[in-house]
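These are the structures in question, set out in turn.
Okay, so chain A shows up in both of these, paired with chain B first and chain C after.
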Partner chain A sequence: MKHLKRSMSVMAIVIAFALTASIFAAPAQAAPETIVLWSHASGHKEEINIAYQIAKDFNVSQTKYSVEIKAFPNPNYNDAVVAAAAGKSLPCLLDIDAPVTPAWAWAGYLSPLTIDKKTLSKFSKTAKGIYDGKLYSLGIYDAAVGLFAKKSVLKSLALRTPTIASPWSLNEFNDALAKAKASGKFDYAISMGTGWDGEWYPYAYSPLLQSFGGDLINRKDMKSAEGALNGPEAKAWGEWFQNIFTSGYAPKKESATERDTGFTTGKIAFSWSGNWTAKDALAKLGDDFVVLPPPNLGTRPVIGGGSWQWAISSTCNNKAAANEFLNFGLQSKYIARYANDLTYVPGTKEATALSVDYKPGAPLAIFQQLASKYALIRPATPAYAFISTVYEKMTKDIIAGANVQTALDAAVDEIDKNLKNNNYYKKKK
Partner chain B sequence: MLQSNVVTHRKKKETRAAWLLSLPAVLLILLFSIVPIFLALTLGFTDARLVSPEPAKSVGFSNFKTILGIGVLTLKAERDDSGAIKIDEKNNVVYESLRNYTKINSESPRFRSKSELFRFGENRKAGTVKVVLAGDPLFWKSLKNTLFFALIVVPVQGGFGLLLALMVNQKLRGRNFFRTVYFIPALTSMVVVSMLWTFIYQKNGLLNTIIKQVMPGFQSFAWLENPKTTMPAIIVLSIWQAVGFHMIIWLGGLQTIPAELYEAATVDGAGFRKQFRYVTIPGLRHTFVFVLVTITIAALGLFTQIAIITQGGPLDSTTTLVYQVVLNGYAKQQIGYASAFSFVFFALVLLISLIQRSATKRLDQ
Partner chain C sequence: MKRSRLSLGFSLLSMSGLSIFFIFPLVFMVMSSFKSNDSLLQDVSSVRAFLPVGHLSLDNYWEVFNRVPFGRFLFNSLFVSTATVVLGLFLNSMIGFAIAKMEWRGKKMVLSIILALLILPFDVLAIPMLYLAAKLPWFSFTGGFHFTQGWFNSYQIQILPFAASAFSIFLFVQYFKGLPKELDEAALVDGASWFRIYRSIAVPLSGPVFGTVAILTFLPMWNMYLWPAITIQDEKYRSIMLGLQYFYVNFGTSWGQIMAYLTLLTIPIVILFLSMQRFFVTSVASSGIKG
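After this line comes the complex of A and B, so read on.
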């Protein structure tokens, strides 16, 4: 009797579960399949709102799939992705900072994208995350760095206005700094952006090294930094760069105020900064504001390339949906919105024509030319995260007054040891 | 007989209750402290990476050898054609390149991939100098900085905390106001404190402004850009943030001292100084041990201020052991190496705590 009673209650529970399960399961069959997109832009309202808009439009445009966005704060974003990958719980779609793509592709986090050729051909080369010959990520916007200046300052210091066809030489650039300092009108001649940390260092300063003729690593085989990062060109870069700070042309470690308002308030004459700060400068300085091309410090003018891009994870079990969303989101109108709301550099010509500040003749149009003419992608190797960390410390040491050759050699030794210990990051067979 | 049985029974019951009550804490400590320590030790013997398709493989003691490895090398001076020692324009001897020994493909395995820590014993006549090389110079620099920080912070913060506690323990009006004011920084997140003090230490910041008020001839400078002033600046803000917490601990200790003792001492004619020496100090023995151990452990774990303000710079003057662990593990993605590093750190803290414990044992009884 007791036995029967127990089995009956067990049955009742089973039935109850089955019923509730069927209640919940029934509408699920008709509902669209949900895929999740992880974004790094939590807390950056203007940027995350555009992503929400794209997802909303996509969900309305068709009934098969539904995209849901989960946003993370930028400084913790990469850690969240790495932790999720270790726990095999990556979302289908994620955004990714361009230089990280090779490492995550190599580690097997990502799956190659299938974007139709016609769409892809419209994008600039720095918007594409290519590793081992395959496309793993694609940028809905690009970024560029330029030399921010004021027309009135150029005039009062009697400086030639450089153009893309004829940028400043090393001597002209040095001369501009010296004149700005000597004029006595400014606290500093230039803000180099030392108030930022992390990836800004290699993104903003390794192009200056490359302009001198050096590099972060020998790109031919990516097996050593010897010669590239500690050769005579690198030494010349290091000593020149150090001199900018030791001569008092630029603050060694900018405060947030110096970084964000030093140039626009006129306390600093020039600023080595990116397109994402141009909106503010344009609003405050209007017609007087001008973006100059980077100087040619030896071989050619160089700036960094690649910004945040979209990718699909390897564990995504609905790649068709993910690819469909990417093709949808890469429409010109969305790219143009990033350009209009945030002054992010549009990665295609169509979007450029739609944008207010980037269309030909508009004040920021030069960024597009800089990106297409001078941008050099950061070395596409899984070792990049390591190289970037070593380069940041090395550059900070040089700014603080370290012996340049010793600092360069130490960085090369550390990078080469890491490459060797990781068997040169060979692709797993 | 019967009575002793009851006693044993009760004792057994008490023991069981004690275990039962401490079980949640024991389990948590096991899961989140003891297990990770052993995991760190195990990972320390591998080349585990944060992002990699390769599984971690054992590398024996190599991580520990890199961290603790030291070598001494004698460099020879360069000589010109006549055999004379080369001297540069600053009247320094020009030595052969250290990198011939230390670079990755060097022929001397003892010095390969090591870096210079410092030089000593220069013999200008013979043209030799000794160079101390380390597998990871940042470990030794971090060790030095961390110990220096602890050596200053432990006595100053502990002593200052006691002083504040004595002050707010007086029967004066508004003492709760003062207690609150001194305690507020301890309730503020170290991240926020670090950001605020970054502004204070700027070239046009509060500190320089105040000094200029007192000494008009003072030349303002950025306190966090100079390798000599950065660590002292970090020490000051750290003490400012944490001293309120230890004031409260000291205050708790002061209030356990029975008022009769002070009354008796007063009757015996002891003044403030004698009361402090013969009543207060002996009464604070246990509190002293607690304050000493907690400040030491907190000081050795210096990280947040460094991560927010200096990132170890300028020129490695503020790099610390915990900062290096995080940098190696996350930024450089070398989890195996960072694990070995953190185990060495753990062993060091344990050793220092044990020494303190045995030194203060007499006080604690």
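After this line comes the complex of A and C, so read on.
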């Protein structure tokens, strides 16, 4: 009993001492300030889990800020952001699809980023969302399109295997389609991905137009599509593109089956598709699978560039915290994780070296090369969303057999009218 | 006798044909919900799409519960739809009663304005309503009672704008006009107030119109997409229809899971309709409304 009393007294003294010491020694810890990041990846478990992991790591790495993620389903994400901007309830951080950046920057939703130059220099040009000379968004990953083929098919059709240094010319590409069709082995020579809709059209097909020498808009001043979208080069593209469908080389409107399994099951010889479907093709076809560079249709080979990026809203109360999070989240290990878990193309060389599928010599490494060598960013104008819609409709009309020049002229009229009605999207003051 | 048998046989045959025709999409939905994406896409162009053939599993259903907080979304939609129906029945029937039964200045003008609202589609009102909702005051008990601004991310923003409905008021006005005037007069002579007449005479005699309005309010609320899509940013308030979008991922739509999700969200509606079918048919027949 005596021992117990003594030990309890000692314990009481120790606890009292410890408490006193802690009161004087430890400064009061303020709760971390919460900043919110909106993501478009709700329902896409693998993608949102990486974002959660980055936020968790960031929150553990320091005590000043806490990042909380709110996820939205992709199809209504842009509407939610625009509505929130109208209601002045945008979060500090948000992800953004690359071609949308100029429109949201112009509308005043976004604030320029302050990423240090060393970090920024690591990113490819397509990973940067630049508008009016300022950086508004930075890519956590990229995407690339290529021409999917089988080595065995190239051999049986006696076709040269094109390389990045020496892609197919227009004649060689046309010849490949003609031979594939004439062989009688395939339902179609090529799948152009017409089973997809929306942004796929300008993303996948406007590079073919650009390869011919045309474009969606005159990029010099972004004030008109006249000449770029309806000039002789554009007409040549339209007629060639239409011919792919009217000659029966490609299905005009692919069924979901044709789009997803036509190439891998051998019913279609080639496929104009993206890195996101390549892993599945590789798994099904193994060594026989090969990704070819885009053909040079006149001026140079071109593919689309730019995918989802991170941005900071103009109403963010703590831009320093938001920038700190971006600098943290854009580390190579996270970009590489997007590449490894989701087969997204890494936007930096460091991350490429860390990725399983895209590092030099890896089976999908060509996508990284295509993105860095041939990618052209979609026009950085607030009018892009409108141009994209008009281009999709116009291309569908051309595929359906409309008069090419009439369809091009109509699209140019619509785009120019929109530009004029919006005072050429002059910067708001 | 022969002709009537022939006619009956023809009616039964045509009705059976139509039933099969209308049930096909549902059969396709349910069957596809048990198939993998690949086999669903392969079956879609043949009769196999409607048959339980190939490898069937509950994987899509497990994945639905894995990807989406289904229970939360189901509760939100049931709560918002039911609350709007209950509040709407109360408000719209009282407005309808006041217009149909009571005499007051400007009544005709108010009715004309309400009828004029019928021609305005919701899409036209969505943006002005959005700006309004962003400014409206509310209150919060988090960190002590205080007032807040903006109704985004709440149940009230999904319920209150739709409680009063021009179409429901119109239905109630039409129905109440058909109730005998003598009943009101007798009640007034006995000293009943207008609210008492509404509560004790008009409401008990108006079951069919209440049923019709309940169903015609519940279904669009259940199916509502645009308004919650632009006003709800927090997952805990999202409706079941927004949950459907979780399965549309860039270039990777999971059709089997979409079918499983649609099957699950159709079940409450089917239960509701089957349990109220007799009542609904009566109410539709008596109110002259066709769905």
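Definition applied: the second predicted complex is superposed on the first by the 400 of 429 C-alpha atoms of A that agree within 3 Å, B and C clash if a C-alpha of one lies under 4 Å from a C-alpha of the other, contacts with A are read in each partner's own complex, and residues count from 1 in each chain.
Here is the rule we use: a contact is a pair of C-beta atoms (placed from the backbone, for glycine too) under 8 Å apart; a residue touches a chain by one contact, two chains touch by 3 or more.
Just so we're clear, the structure is a prediction, and the values are computed from it rather than from any experiment.
> With chain A superposed, do chain B and chain C clash or fit?
Verdict on chain A: clash between chain B and chain C.
> After the superposition on A, what does A:Ala410 contact: first (chain B), second (chain C), both or neither?
first
> For A:Ser255, select first, second, both or neither according to whether it touches chain B, chain C, the two together, or no partner.
both
> In the overlay, answer first, second, both or neither for which of chain B and chain C A:Lys70 touches.
After superposing on A, A:Lys70 lies in contact with chain C but is clear of chain B.
> Is A:Asp79 contacted by the first partner chain B, the second partner chain C, both or neither?
Touch status of A:Asp79: both partners.
> Considering only touches as defined above, state whether A:Arg160 meets chain B (first), chain C (second), both or neither.
Once the two structures are laid over each other on A, A:Arg160 reaches no partner at all.
> Classify the contacts of A:Arg219 with the two partner chains as first (chain B alone), second (chain C alone), both, or neither.
neither
> Where along chain C is the clash with chain B: 77-85, 131-139, 149-157 or 185-193?
185-193
> What residues on chain A does chain C touch that chain B touches too?
Common to the two interfaces on chain A: residues 79, 82, 255.
> Please give the residue numbers of chain B that touch chain A in the complex, ascending.
It is residues 47, 49-54, 99, 102-104, 113, 115, 198-199, 202-203, 222, 224-225, 227, 311-316, 327, 330-334 of chain B that touch chain A.
> Which residues, counting only chain A, touch chain C once they are in their complex?
Where chain A meets chain C, its residues are 38, 41-45, 70-76, 79-80, 82-84, 86-89, 196, 200, 255-257, 260-261, 274, 276-277.
> State the interface residues of chain C toward chain A in the complex, per the touch definition above.
By the definition above, chain C touches chain A via 37-38, 41-42, 44-45, 66-68, 127, 130-131, 133-134, 150, 152, 229-231, 233-235, 242-243, 245-252, 255.
> Note which residues of chain A are touching chain B in the complex, please.
Contact set of chain A toward chain B: 79, 82, 85, 103-104, 106-109, 197, 226, 251-253, 255, 382, 385-386, 389-390, 393, 396-397, 400-402, 409-410, 413, 416-418, 420-422, 428.
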